[in-house]
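Got a structure here, written out as structure tokens. Questions coming.
Order of writing sets the chain letters: A, B, C and D. Residues in each chain are counted from 1.
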Amino acid sequence: MRSKITAYEEIVKSIEDGMQIMIGGFLADGTPELLIDAVIESGAKNLTIIGNDTGVPGRGISRLIDTDQVARVITSHVGLNPRTIEKAIAGTLDLQLVPQGTLAEQIRCAGAGLGGALTPTGLGTKVAEGKRQIEVQGKTYLLEEPLHADLALLKSAMSDEFGNSFYEGTCKNFNIVMAYAADTVIVECDQLLEIGDLNPNTVETSGILVDHLIKGAKCDY
Amino acid sequence: MTINIPIKDIIAKKAAAELFDGAVVNLGIGLPELVANYIPEDVEVILQSENGILGMGPHVTDPAVDHNCFNAGGKCVSLKPGSMLFDTTTSFMFIRGGHVDIAILGALQVDQTGSLASHEIPGKFIPGMGGAMDLAAGAKKLIVATSHTQKGQPKLLEKITFPATAINCVDTIVTELCVIDIVDGRFVVREMSADISKKELEELTAAPLMFNL
Amino acid sequence: MRSKITAYEEIVKSIEDGMQIMIGGFLADGTPELLIDAVIESGAKNLTIIGNDTGVPGRGISRLIDTDQVARVITSHVGLNPRTIEKAIAGTLDLQLVPQGTLAEQIRCAGAGLGGALTPTGLGTKVAEGKRQIEVQGKTYLLEEPLHADLALLKSAMSDEFGNSFYEGTCKNFNIVMAYAADTVIVECDQLLEIGDLNPNTVETSGILVDHLIKGAKCDY
Amino acid sequence: MTINIPIKDIIAKKAAAELFDGAVVNLGIGLPELVANYIPEDVEVILQSENGILGMGPHVTDPAVDHNCFNAGGKCVSLKPGSMLFDTTTSFMFIRGGHVDIAILGALQVDQTGSLASHEIPGKFIPGMGGAMDLAAGAKKLIVATSHTQKGQPKLLEKITFPATAINCVDTIVTELCVIDIVDGRFVVREMSADISKKELEELTAAPLMFNL
């Protein structure tokens, strides 16, 4: 199995203007900070970011909001990042708010070859505007379409060189599902293992989904 | 002698009394989080956190403990024995699939049809709905825990005016003044503070009340 | 957390005529044989069984086909159980064949509160007959409806008394998803643990989904 | 001197030559399983088994080894270093989501439009489609590995007559006699056995052939 270890400089070079990028994490818990550094260093502009939230000031996706690299955010919650709200109200950031469970299913659909999720969530609210409603077995559901990305940036606790990864504690969040739904997947790991060192029962992302791997530092952002 | 207990804690304590032994419970960020401090001793609930925990324990202040476990508000938490950690798709299978018995959410407004507004004041307050819409749609029972009024203005209305977080979903409203069940599109007061009269409660509520005390 | 340990006799008593029952396993690998014993002992008739396949002669769901307790089977493959094919051709068993990935998603939808799966699988085949087709982002999908059960019978490698469970090797198969999709869930475990003995990262079924638990014998059916 | 190699193994060996290094491959039950025996030494593929394995190794005869790991045909198998075990919903995320590079399936019939019949002869043979329909719909490339004829009757047709397993899905057909790519609704012969003429191959095939040798 091929090693996916990639130099930081190569990763920086691969990030382009206008990309749609998924970033794992929940309030920056499980967010790859070194890969966020790489996005900043790339200077890529006009990005669309897909993530559960926009982090907290100084950590996670928040750092990309601060550098004005992001044109659009698709997310469920930005309440702990006042800068995102300011920019959205000022009209300098296109903020698309999506219910958290819907966001997860939209990403899963793109990754699983499914045409969309039929969910009761958001019926009767602004979320339902302009969307198809489908009745099944006497209940009404919203059709939420698949959500795919050019790039997914993920953070694991442990990965082997092939990219098989395990996420600890509450860092699993969006990392596991996003690995299926992007053309290119880059994983930042806390701990780098040799192939064969992860128990096959505990692998949560298969290396077949991972294109590039880099060891991050355990950091205190 | 009266002791000045913060209103939030009065609400949290009353909401905690609505829980039953063995219930799987999701507590929203903010006021509902306080409910965990008032769960009766003879009641054991299993706390779900939408970012990936079943069996969440109390906050821990030492970040070295369970370093990788946080709650949905970003606070470091412990895990109880018998807990499970999982990703977001699994989390919302639990929530949307009806496997959470009770969700307790805060409110900006709530109305007699059971519609809830909790996530947006247009142009002013746009934190996003997070998991609230899924919780409202999926939890078996939805309890709203909120102050009865906001700066003197009623939060319990005939019809919400802020954008809906969910429609026809709320089962029970707990405020510092009363506990209200929503029955057939009406507010039915089940419990009331001894410090207030029916008339005073009606004046602080912008919808008709029925009393079943 | 309440113990879910239940006596075999109680389980036998709870199984009723006409029930729709999901049974975990793949060619009987990961199938709860003691719970199959219980179904046989209950004498319940006119059952609908939902499972990946109907086992192999003498093992798994096959044993219920042999006792004529099953009126209908919803499954993806019966090729290794000649008795199922014989009965289906003879008309004494209603055999409903479903693509494996579709079956898994139908069960997941029921368990996740979703209104159905939009899948490309089966388009242009007999599987598509009588089903709605929905176009999303320029592609056509079949709408496959949720599939729920009265009872799910699952087999774990390890469970704690609350019902938190872990499935080893290729025994995960349908066991994990079925736990979400039935009114009553019964788990047979190889190894019974105390609450707290399972690493929270390795729990694959939460005890909140489990109603009854029984220790099985490692058997050589 | 000729050695009598079983037709199945001739087909399996030719199909194995279609694989590329690093490919994620699902081998159907039956003939396609034999492909694993003929993978070239300089090609490493990652075998997916729809019952829950990525990184499947060879069969093991000692059931004490990896007791809980079986392939989709029910045979006890080993795991290669770097493998992953998972449930059925995850398995079909891999398959349907386009994360499997190549699926190799058997056939009762296959036609020039790329439609495949592999799971049913009405009233006679009804094993079920198992994962074949999902593999046909989801794998990036679908290779059919089959004998060219069945009791002298062609299996490669203008239009399948048995119930379809999938339509317009097959990319390549490997038989003991030739390798055919399906291009714009036509059979294009890319490789041919030295033991047979074009005319003989055309007689054994119930659809027009183009030759691109």
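A few notes on this one:
Rule of thumb we're sticking to: contacts are C-beta pairs under 8 Å (C-beta built on N, C-alpha and C of every residue); 3 or more make two chains touch, one makes a residue touch a chain.
Treat the numbers as computed from the prediction; the structure is a model and nothing was measured.
The minimum number of touch steps separating chain B from chain C is 1. As a whole-number value, the distance joining the C-alpha centres of chain A and chain B reads 28 Å. Work out the mean CA point of chain A and of chain C, and you get 33 Å between them. Averaged Cα coordinates give chain B a centre that lies 55 Å from the centre of chain D.
Among the residues of chain D, those touching two or more other chains are numbered 85-86, 92, 95-96, 137-138.
Shared contact sites, meaning residues of chain A that touch two or more other chains, fall at 105, 108, 113-114, 119-120, 168-169, 201. Of all possible chain pairs, the ones that touch are A-B, A-C, A-D, B-C, C-D. Chain contact summary for the complex, chain A toward chain D: residues 1-2, 108, 110-114, 160, 162, 164, 180, 195-196, 198, 200-201, 203, 206-209. Of all residues in chain D, only 29, 49-53, 66-70, 72-74, 85-89, 91-92, 95-96, 115, 123-124, 126-134, 137-138, 163-168 touch chain C in the complex they form. Looking at the complex, you find that chain A touches chain B at residues 26-27, 29, 52-53, 56, 75-80, 85, 88-89, 95, 97, 99-102, 104-105, 108, 119-127, 157, 167-177, 204. Residues 22, 24, 44, 46, 54-55, 79, 81-86, 92-99, 137-138 of chain D are the ones touching chain A in the complex.
The touching residues of chain A, counted against chain C in their complex, run 105, 109, 113-120, 134, 136-137, 139, 141, 143, 145-146, 166, 168-169, 201-202.
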